[in-house]
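Next come the structures, one after another.
Okay, so chain A shows up in both of these, paired with chain B first and chain C after.
Coming up: the complex of A and B.
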């Protein structure tokens, strides 16, 4: 055991205490939102934001849920993020197979192109996309948002996966080729199964990143039937008809799915978080 | 021994792989390349979004460089880089090192990872939802912060306070990301480095400066780059919290371009702002990658 040369016994607890205080500060907004989502407006104005709710008052949550048809928003978010995650992984695999394994000519330029595409601000694409979507009748449709994010996430996935597949053991591929396996079969029979852990991480990241998107979905999904969770909450923020506890309820409804994904995917995420760091 | 006709194992040559790129190239062209070029082209025109755009050459750009709101929006962007990249990176370094090199050793790895999870939690929220949370907490009449402290401060509505408030919120939101990345990076560091330093009697701060920071320099670059880009692109929190106001106290380029696109129907001008922003982001990315490359060369 190392000695506490520089922080004595009290100092050692002081360091811990300082970090715990900071952690509490970080978590306080979550606690306050949760606490007040279950209060009636009357309770809030008499007891303030820190009092414990007397009983479970669900009206705020239920009213808000029904008013914005929150179940539908959840479904929209789930559908868009799910489709994008699967399609973007598929695109990434196809591209990375050609770039990483096939080493097609000009691959370096293509990789730079994909990287730049991923760093471009969506503001520099939004108006033409909006205009073109209107022309082809895809404005205010989930399909438009799915297509756009499949490409944006796929660009990142391609960049990442190409370097992973560039390291793919050559021997296995050559053995399969000698056995007469076609490229298509090598991709699905060997490359995809072997890289499954990386693909899972990508799938989860794409799902969560798409779920969290705000700008483009806000521009494209204007009708209530198509909005995603962040768009619905963001657009309703500060509406006059919302009282204190209903605002709190709306914030809680935004927090819950995000924290749920974090808990469900925690293992994969901590394993892959450095993967995401490149984004 | 390789058979003399080893090349025959690849009978179809390399060209066949292009087929796999085809779906992407088509989508990429339609969704990134063409819209981006259209945006650049539009920036040389006056256009309301309907009818034919009028070519006006560089007028939007000359107007842009004389527009006080545009310069102000970039100043706010710099403030947000401080709040989203600089402060979280510095604080994240100290916190990650404290958790890794102090708490984990003296109070156990579980304490360290519980604290790490607490710091990280805001990061899991969609940034718009983080805005909703704080918009409620800071509401001038019923918000929890004013209620708890008995204040009547208009955190987001006071032009002198709004930017500082948004900055504080973004520090809260962003802090966990560097902590997690840096702690993951520290796993890679050879523990004997720390042990040797401790035996030599090196203080915690000396270990921090001479071991922690040099060892995780790649992670520091990545975090600074990604957070700076995120700060340059920031839109959601501004939209939800302040809509660039009050006045233009929290105006940022992304929101400024949105405003011109969809509310002022000044599409040409909005395109010029978006083009400049895109250019800045691409340049920043390349600069970072250059510096990182040099840094790695110097090391090897």
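Coming up: the complex of A and C.
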């Protein structure tokens, strides 16, 4: 690898030091959350957020879990994020195949449109989506959130994949056409397998992004049985009071699944990026 | 090769997620159908939403009310859902306009919240029930202010759209140990109060815990203005019953005094950037002898102050910020309005109100003799005293939408010393007068 050449040089240490500082800055909030999650409210109030807990206080986590029926929220989040991730990748591939490989007329403007759709704030979408959902009887259903996020994530995926597929080696495609493969066959037999690493990364991103969504799920998932994890965390923020230790406990519970998901698929993620780069 | 392993993994993942998806489709449908059919089914349910913590005074009292309701209404189940404050705040208008509206819910009092929804026709007029069931007798006139809204959605007069169960007010929390050590007695007049502040400041202790970045600073600012005000001025400012001169004696005195108190060291200059939570934690940690804030802290103080003795007293003056708490409203689309009225009636009963008082809240219709805890008793007696001397002056951010942020930045500038008091008064006058023009006053 090229990095061997730089080993021992002072510049390399500077980069390492900078990365360590960055890592610490990134990790400190997590550390504070973890610290306070295991503190009793009285300890927090007398010692402040940075004091060390005197013992392991698990009541915050247990109480919060029971109070919001956290298991159900986990399942809802998993369901919604999973469906959205798969459906949005599928949608992106189909769109990008037409725009990137198929080179339809006016594709540049279509891509610009998708980009603009991406920059729209969700607050602007809320009322139109609310009326639409009410009209078709999907208000307060998980399906509404799944559809909305499939489209939102799909817009980004289309934009990204279109530029990736625009660079797709034409030679392979032409060879397949000469062999008599249909467009459908070329998509599933050649384009998808070759760009699978990119698709995997996209899938994971879509999952995590959807998992972390707060605003639209809050508006559309009215009954507690339908709510997702981030919405459930919002229950703790009162009008004038906040319960710092229980908020920390709930934040910890909220982060853990996303981190676990990342760790499980982390190998796929890094491999996906490098494989794509070599190709 | 590597490819085989990878594709197998992706296939497995895809299969797993697709399986989830299949469940999702059928799940969503069956739930949608269930909610629609709930109203027509034999067993009735009362869907109830509120956003108070389960172990708070209101949470405890209302849990008891639900139990009593189920006991007195055989065959009716209460379906209670705990909501987040923000969710209710942001989505109430949309929810109440749909078929998913609950039968009864807790909602924020005020022009921008309950007033707005009443104007949009989303809330049920409760006037008839209030007179029939005697809620209008149980609630004092100043508490009724937040229950009634006129056709413009402005509180204070018109029809009943909500029923408050509890009260709240701003008072002075003090650290008894620090008072004793400094030889300071509990002040009963404003002069004694400033003398006490001076004693602490001279000893090098900043007396008042403050938070300039949130509501506490504007409430202190308002308290000071109230010391020069009368009821007519409050009605002008809060209920638009007259003109308010922002350069009149009330606000001029308040702005000048805040600025003076910072100079004299009664309020720390760095408190401009503090949040309410920081202020509370500092007081609970025993770092300040005095904190001027609302009764919503009371339960937390009781639970978390371990290292010293503490107490509370009324702000020295006739008025203090305060009002009814949040209110029960019955959505216009409620499917069980009669049951909702029955539930409100139970929450106003003596037993539930006494429980609210004994749990650290401020009941509006309790039997004072039934409150056993000394500290709770003091809290409630002070509230009743304030209420009978017509001292509830509402909150300074009520009169105009977005006024909270205007006041936060105005008072912050006073504490920082960035702007002169007169300049700050001009700054906070502008949005207020703009709003007056908007509502046609």
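Some notes on this structure:
FYI, the second predicted complex is superposed on the first by the 199 of 279 C-alpha atoms of A that agree within 3 Å, B and C clash if a C-alpha of one lies under 4 Å from a C-alpha of the other, contacts with A are read in each partner's own complex, and residues count from 1 in each chain.
Basically, a residue touches a chain if its C-beta (ideal position, glycine included) is under 8 Å from a C-beta of that chain, and two chains touch if they have at least 3 such contacts.
A quick note: this is a predicted structure, and the numbers were derived from the prediction, not measured.
When both complexes are overlaid on chain A, the residue A:200 reaches chain C alone and has no touch with chain B.
By the document's definition of touching, of the two partners only chain B reaches A:259; chain C does not.
By the document's definition of touching, both partners, chain B and chain C, reach A:234.
Using the contact criterion defined above for the overlaid structures, shared-chain residue A:85 touches chain C, although it does not reach chain B.
When the two complexes are overlaid, the chain among chain B and chain C that reaches more residues of chain A is B.
Look at A:244: by the touch rule set out above, it reaches both chain B and chain C.
In the superposition on chain A, the residues of chain A contacting both chain B and chain C are 44-45, 48, 130, 218-219, 231, 234, 237-238, 243-244.
In the complex of the two chains, the chain C residues touching chain A come out as 6-7, 9-10, 13-14, 16-18, 20-21, 23-25, 27-29, 31-32, 35, 51, 53-54, 81-87, 90-91, 94-95, 98-100, 108, 215, 276-277, 280-281, 284-286, 294, 296-297, 300, 303-307, 326. Interface residues of chain B, counted against chain A in their complex, comprise 9-10, 12, 14, 16-21, 23-24, 27-28, 30-32, 34-36, 38-39, 42, 49, 95, 98-99, 102-103, 105-107, 111, 115, 118-119, 121-122, 124-129, 131-137, 139, 142-144, 147-148, 172, 175-176, 180-181, 184-185, 198, 201, 203-204, 219, 222-223, 226, 229, 232-233, 235-236, 239-240, 253-254, 257-258, 261-262, 267, 270-271, 273-275, 277-278, 281-282, 285. Interface of chain A with chain C (complex): residues 41-42, 44-48, 67-68, 78-80, 82-83, 85-87, 130, 134, 137-143, 146, 193, 196, 200, 203, 218-219, 222-226, 231, 234-244, 268, 271. Those residues of chain A that touch chain B in the shared complex are 2, 4-7, 12, 15-16, 19-20, 22-24, 26-27, 29-30, 32-33, 36, 44-45, 48-50, 91, 94-95, 97-99, 101-105, 110, 113, 115-117, 119-132, 147-148, 150-152, 154-155, 158, 174, 177-178, 183, 187, 211-215, 218-219, 229-231, 233-234, 237-238, 243-244, 247-248, 250-251, 254-255, 258-259, 261-262, 270, 273-274, 277-279.
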